[in-house]
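Taking it in order: structure first as structure tokens, then the write-up.
By letter and in written order, the chains are A, B, C, D and E; residue numbering begins at 1 in each of them.
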Amino acid sequence: MSTTLLSAKNITRRFGGLVAIDRVSVDLNQGSVHAVIGTNGAGKSTLVSVLSGEIPPNEGNITMLGKDITRWPQPDRARAGLGRSYQRTTIFPSLSVHENCRISAQSNHQKFWRWAFPASKCTYSNEAADRALELAGLAEFADRPAGLLSHGGKRQLEIAMCLATHPKVLLLDEPLAGMGAEETDRMLNLLDSLKKEHAILLVEHDMDAVFRISDEITVMVNGCVIAHGDPESIRNNPDVQTAYLGEEE
Amino acid sequence: MDPVIFLIQCLNAIQYGLLLFLVASGLTLIFGIMGIINLAHGSFYMIGAYMAFALEPLVAQYLGGGFVTTLVACIVLAAILGYFLEWAFYSYLYTREHLQQLLMTHGLILVFEELRSIIIDNDVHGVSPPDWLSGTIALSDVMTYPTYRLFISAVCIVVALLMYWLLARTRLGMMIRAGASNREMINSLGIDINRLFRIVFALGVALAALAGAIAAPVSSVYPGMGNAILIICFVVVVIGGIGSIKGAFVAAMLIGFVDTFGQVLFPQAAGVLVYLMMAAILLFKPEGLFKQG
Amino acid sequence: EVKVGFMLPYSGTFAQLGEAIENGFKLYVQEQGGKLAGQEITYFRVDDESNPSKGPDNANRLIKRDQVDILVGTVHSGVAMALAKAATDSDTTLIIPNAGAGAITGPLCSKNVFRSSFSNWQPGYAMGAAAAEKGHKTAVTISWNYAAGKESTDGFKESFEKAGGKVVKHLTLPFPQVEFQPLLTEIAATKPDVVYTFFAGGGAVKFVQDYAAAGLRKDIELVGAGFLTDGTLKAQGESAQGLLTTLHYADGLNTERDNAFRENYKKNFPKLPPDVYAVQGYDAAQMLDAGLKAVGGDVAKKDQMRDAIRNATIDSPRGKFTLSKSGNPVQDMYLREVKGEDNVPVKVAVKALADPSVGCKMN
Amino acid sequence: MQSSFRTLLVPVLVIITALLPMVTADYYTALIIKIMIYSLFALSLQLLVGCTGLVSLGHSAFFGISAYAVTLLSPEYASGNMLWVIPAAIVCAMAYAVITGALALRTKGIYFIMVTLTFAQMAYYVFHDTKLGGGSDGIYLYVRPELRIGDWVILNIDNSYTFYLFTLACLLFTWGFLAMLMRSRFGAALTGIHVNEQRMRAAGFSTFGYKLTAYVIAAAFGGLAGLLYAVKDGYVNPELLAWEQSGLVLLMVILGGMGRLWGAVIGAIGLILLQEVFQSEAIFGSFAIHWHLTFGLAIIALVAFMPKGLIGLPEQLRARRNRSTSSATAK
Amino acid sequence: MTVLIDAQGINTHYGESHILFDVNLQINAGESIGLLGRNGMGKTTLIRTLMGHIRPTAGSIKIRGADHTRSEPHQVARQGIAYVPEGRGIFPNLDVRENLLVAARPGVNGRNDWTYERVLETFPRLTERLQHGGQQLSGGEQQMLAIGRALMTNPDILILDEATEGLAPLIIAEIWRIIGTIRETGVATLIVDRNYRKVLANTDRCVVLEKGVVVEEKESATLINQPDLLTRYLGV
């Protein structure tokens, strides 16, 4: 039986007069991919930011693994097992691909009082980085400066850095954006294999991918949830069709 | 404080604030909009003041004299100087790290200051206001207020309005702001960013020089006058919000008041008051009072 | 051969003063035929930038690198403090041709340090006496919030209150700010009989102009330490006319000694006026000359030379003066009035005024 | 081969530097001391600017505060005990860093530059306008501190050569400590924060704590440099806290090259030597009076032709050589 | 038929790494070209070279017959070439209205088909956001704004690099429809998109890049019937 790792209830976030998200609730369960789709500007990225602790919600509360984390700052949530990727790539371009992951991994092993111990010798972080690169299919580029990767490569690295922290809950904001078919395929397989142990929230516009991988879909329009359910019911939901999916070709 | 004195102090504060604004507005243009930390801005102020001093006899000789003519000559020369300097020294700084700009403009300060000493001299010189502005207005039984200071205030207000209009309402203003945030994109839209920035820079220099020239009759011209004003201008720009003309205006006014009343009410702490205020404002508004716009 | 090191401001606000001091010094040496006590004089120069934090290093350039026998410097009090420390540490003879910091000839006085100028206290004290004598009862003092200003206004207060006056307010503004308007308003509100100020350079020009422009001249007399109107009169123009200041020198003392000096100076340095700074430089050379003569030009005999300087009577263009034990001139302070571009002497405000040199152990 | 050369190079350089005063004149010994102190100062700022991306224009505050502290804490006519005077002075600088850092680190970019500048100006005015440290004229430190336990004097730095060695030891200690620190996990996290702070927060780093710690460590070493400077001259003045001083050390870091520790050292050496040369009448004759002009032009030229600072120079030359050889083969 | 852009033998480097190898590309007036290739094959690099953001190390670029190999981007743009970059390049400190107006300019031959009003009509969502700053827009809104802004320059050729990235299907469909309209008005287009089917359906001709080399150049209608080629080069 799947356990609920992260649960958000009635989240509201306003920017000035604009209600970016309006009483949105989501549950993320281990072993399932929960896709959030919706029109542009529906508030998907904002939702991810609120869940990850980057911006505080105006209302509502968030619990993770039974603890109320609504007021936790982002780094605390991250260390408690909440990982996120960004819609816009946020890698460290001057460092190597491996170092990128190692630095992320190190967050579980900060030990900054060990100021004389070289970071590159930290076995924990190195292993975590290796594993993450392997998973994301970037192992062969490990020594390349991250800035020289192609756009798609950078997106993969973004996920790898997220994985390196051993998160339990993954919040992925358009991880497939800008990826070719091959990489998309690999990424989806990766997500598939990850979902056994993780709870995944996926924001994505690639409907083929969403319908292929997700177990649960929430549809947002203008900050509100207009539908929630399994892929099949969403696909056939007339509201969703008019507001988002458009006519099937 | 008796009410008349209080009112006079308010007038002083406003007048000081306006002058600060005039100097700082050029800085906020260059500093905020073009992304250049221009330490040499104080030098442009100094150059303006020295031009007012040195051009006066020349203008009298060749152009028949006149205060306004001198001012115009200062502005025009300063703009040309700015255009040239941008081309020679600043144009390749945009793609470099901000810090390199600090270094480069610091070098320019040294050069300008030394050239000033070689070309003019190291003496203090006075510049007299034109006759038609040298009158005074009685404020209290013992105190009067020079007309020229009112003139400065008027010029500052006019410049403030012009700047606001230029940046917020004209297409040139839009281009300038757009170019500040993404040079490559504005270039892709068919706008010659290099020329655009050269114009902005010239404008900024001209503003600083105008401030110097117009302040010269009340401040006189002396070595190091540029550096003295630089830091306080930075404070104005930062409190106001980088790139915001409106912000610079409000900040300059605030500083005018804090400084004026600080000197009178807390003379021992007057030195730190402005800085304390800046720290306090940035704590609540880490991006200044008015973010860009 | 005697090596003289000038550590003077050659850039920045005080550059002009540095030049005048050097000129004055060289003028005297030149008058002696290029030699003092038979010794060839070679000069070394370092720009002190009027920056005290660089003071010790700049002093060492002269002391350690150029190994000068005599140091001459400087204008800025803070730099002079640094210079005095370095000179004392290395046992080098130092003649200060301007900086008036009281501490140098006070608590920090030392046998190797002399001054050919004044202490900040001296002009202030002289003016306090003169102002009280004119019948003023209440005074406001104003200066930048720094040590020199404080020492000067303290001097004024001391003599003014001794003579029965009262300093009702001491106004300051942060150094080097020149926005005087709020303080002028404050003065107008206080309405004292007289205002005593200590400003120099650009600040002095602006203060005098603003004071006149604010219309205060007609009701409240403005007086000051001499620097208010020395080297700044051309820039101050009309607004300075009739100002009274006190200093140890004035334009047109009309003594034989002074006239000769002025004429000679003008001949050699036509671009600069023969002002008090030139005199101070000139007298620094005279003091050195007195010392060297006593030891027959042998600079190695430091103690003898210093004793000779300390006991000398210097025949200065300002009038003869001697040195106190702490090394500061004991001199007449003139009350001067601005006429045209000159500070013409009115009278001697205090005769043979010596700095009290509080805290100096050599007294 | 290459690496054994490298490992030998460092001790050899250190020994040469340590022995240098045997052959150089007094003045140049003093000059090297000054360079070493500024190197130390620049190193401390490099930790902030080059390694963490926090551009501080108020670093002189720590330099000056600690210089004042060591002067005020030493007894007037006897020598203070290093054992507590030095730590106490550094703690003063660190304390100021904790308070101002906690506030300043809430801002970013240009604002951070300005806020740090502000706090330094505040400290400047405290010393300039109050009697606390002798006002604008400054105060003397008559006797250098010494290291003693009870009555047993272990180290006395009155002698200029011992002081030289003492300064060198401080510099080496700082350099070693910071190098170690940057290689550690703490350093790696700082590097990450430098590039993308938001990412680091998302990965689980409380970046504020890291930045504050870096700020305080930098202040501590900046303070060490300041107290050495005070001890060297025996004279402190508010100008030690002036923004020009912060600007100078920032110049050193930029000129030397950012991100690498030794960039700061090279920058300090370069800048001080440049000043020295341009001010020398022996080289420039009477034009040395206008040394600001030559110095300014030199800075401009350096920026124009060495965008990566002095440490980037070899790389730049290599790139140029490659380009010319490749274009030669293309023909 | 006039040749708008004629690039011959383009070689481009990023520092030491060689990205494009002897690429030839010709775009005729009114023609629509698709640029296909997997990630990192050099599509964006080619476009940026054409626009003048990167100098080619060898080769020549002619626009309407005039040499523009060493021209600045603004000179290229003034030849009637509009560019919607990867990542959109919205001016964050300008509001939506200003983002559009700043680009407004008649086309090369004085055409003025695309006015402010028409762009807003095309993207009604932007009308609601007129006073919002560029940085406050969602990804999709930004993309619309970027296209609208490019149209404001009344271009003869519109270059779209990943124009549909991060857009909702409804909007994507809308954008393809607009691209269709644009083609009908006689504006040439150069389209990069990962949805190769859409690209093939909306272009006359396609160029396939593989590791910086043009490996295929065919009529779109032909290419669509050659799944083996597509599999080889695009991995579909």
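The working rule: contacts are C-beta pairs under 8 Å (C-beta built on N, C-alpha and C of every residue); 3 or more make two chains touch, one makes a residue touch a chain.
Predicted, not measured: the structure shown is a model, and the values here were computed from it.
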Practice problem: Any chance you could name the chains that touch subunit B and subunit C both? | Solution: D
Quiz item: Which chain lies the greatest distance away from subunit E when centres are computed from Cα atoms alone?
Solution: C
Quiz item: In angstrom, rounded to a whole number, how far apart do the mean CA points of subunit C and subunit D lie?
Solution: 37
Quiz item: If you average the Cα atoms of subunit B and of subunit E to get two centres, how far apart are those centres in Å?
Solution: 43
Exercise. Could you put a whole-Å number on the gap between the CA centroids of subunit B and subunit D?
Key: 33
Practice problem: List the centre-to-centre spacing of subunit A and subunit C in whole Å, with centres computed as mean CA coordinates. | Solution: 73
Quiz item: In subunit C, which residues are in touch with two or more of the other chains?
Solution: 11, 145, 174-175
Quiz item: By residue number and range, which residues of subunit A touch two or more other chains?
Solution: none
Self-check item: Residue numbers of subunit D (touch at least two other chains)
Solution: 125, 128-129, 292
Quiz item: What pairs of chains are touching here?
Solution: A-D, A-E, B-C, B-D, B-E, C-D
Quiz item: In the complex of these two chains, what residues of subunit D are touching subunit C?
Solution: 25-28, 30, 34, 125, 128-129, 134-138, 140, 232-235, 237-240, 242, 244-245, 279, 281, 288-289, 291-292
Quiz prompt | Contacting residues of subunit D [partner subunit B, same complex] | solution = 49, 55, 103, 106-108, 110-111, 113-115, 117-119, 121-122, 125-126, 128-130, 243, 247, 250-251, 254-255, 258, 290, 292-293, 295-300, 302-304, 307
Self-check item: subunit B - residues contacting subunit D, complex
Solution: 37, 89, 92, 96-100, 102-104, 106-111, 113-115, 117-118, 231, 234-235, 238, 242, 268-269, 271-272, 275-276, 278-279, 282-283, 286-288
Quiz prompt | Sites on subunit D touched by subunit A in the complex | solution = 180-181, 183-189, 191-192, 195-196, 198-207, 210, 213
Quiz item: Can you list the subunit A residues touching subunit D in their complex?
Solution: 52, 54, 73-76, 78-79, 83-84, 86, 90-95, 99, 102-104, 106-112, 114-120, 122, 125, 161, 165
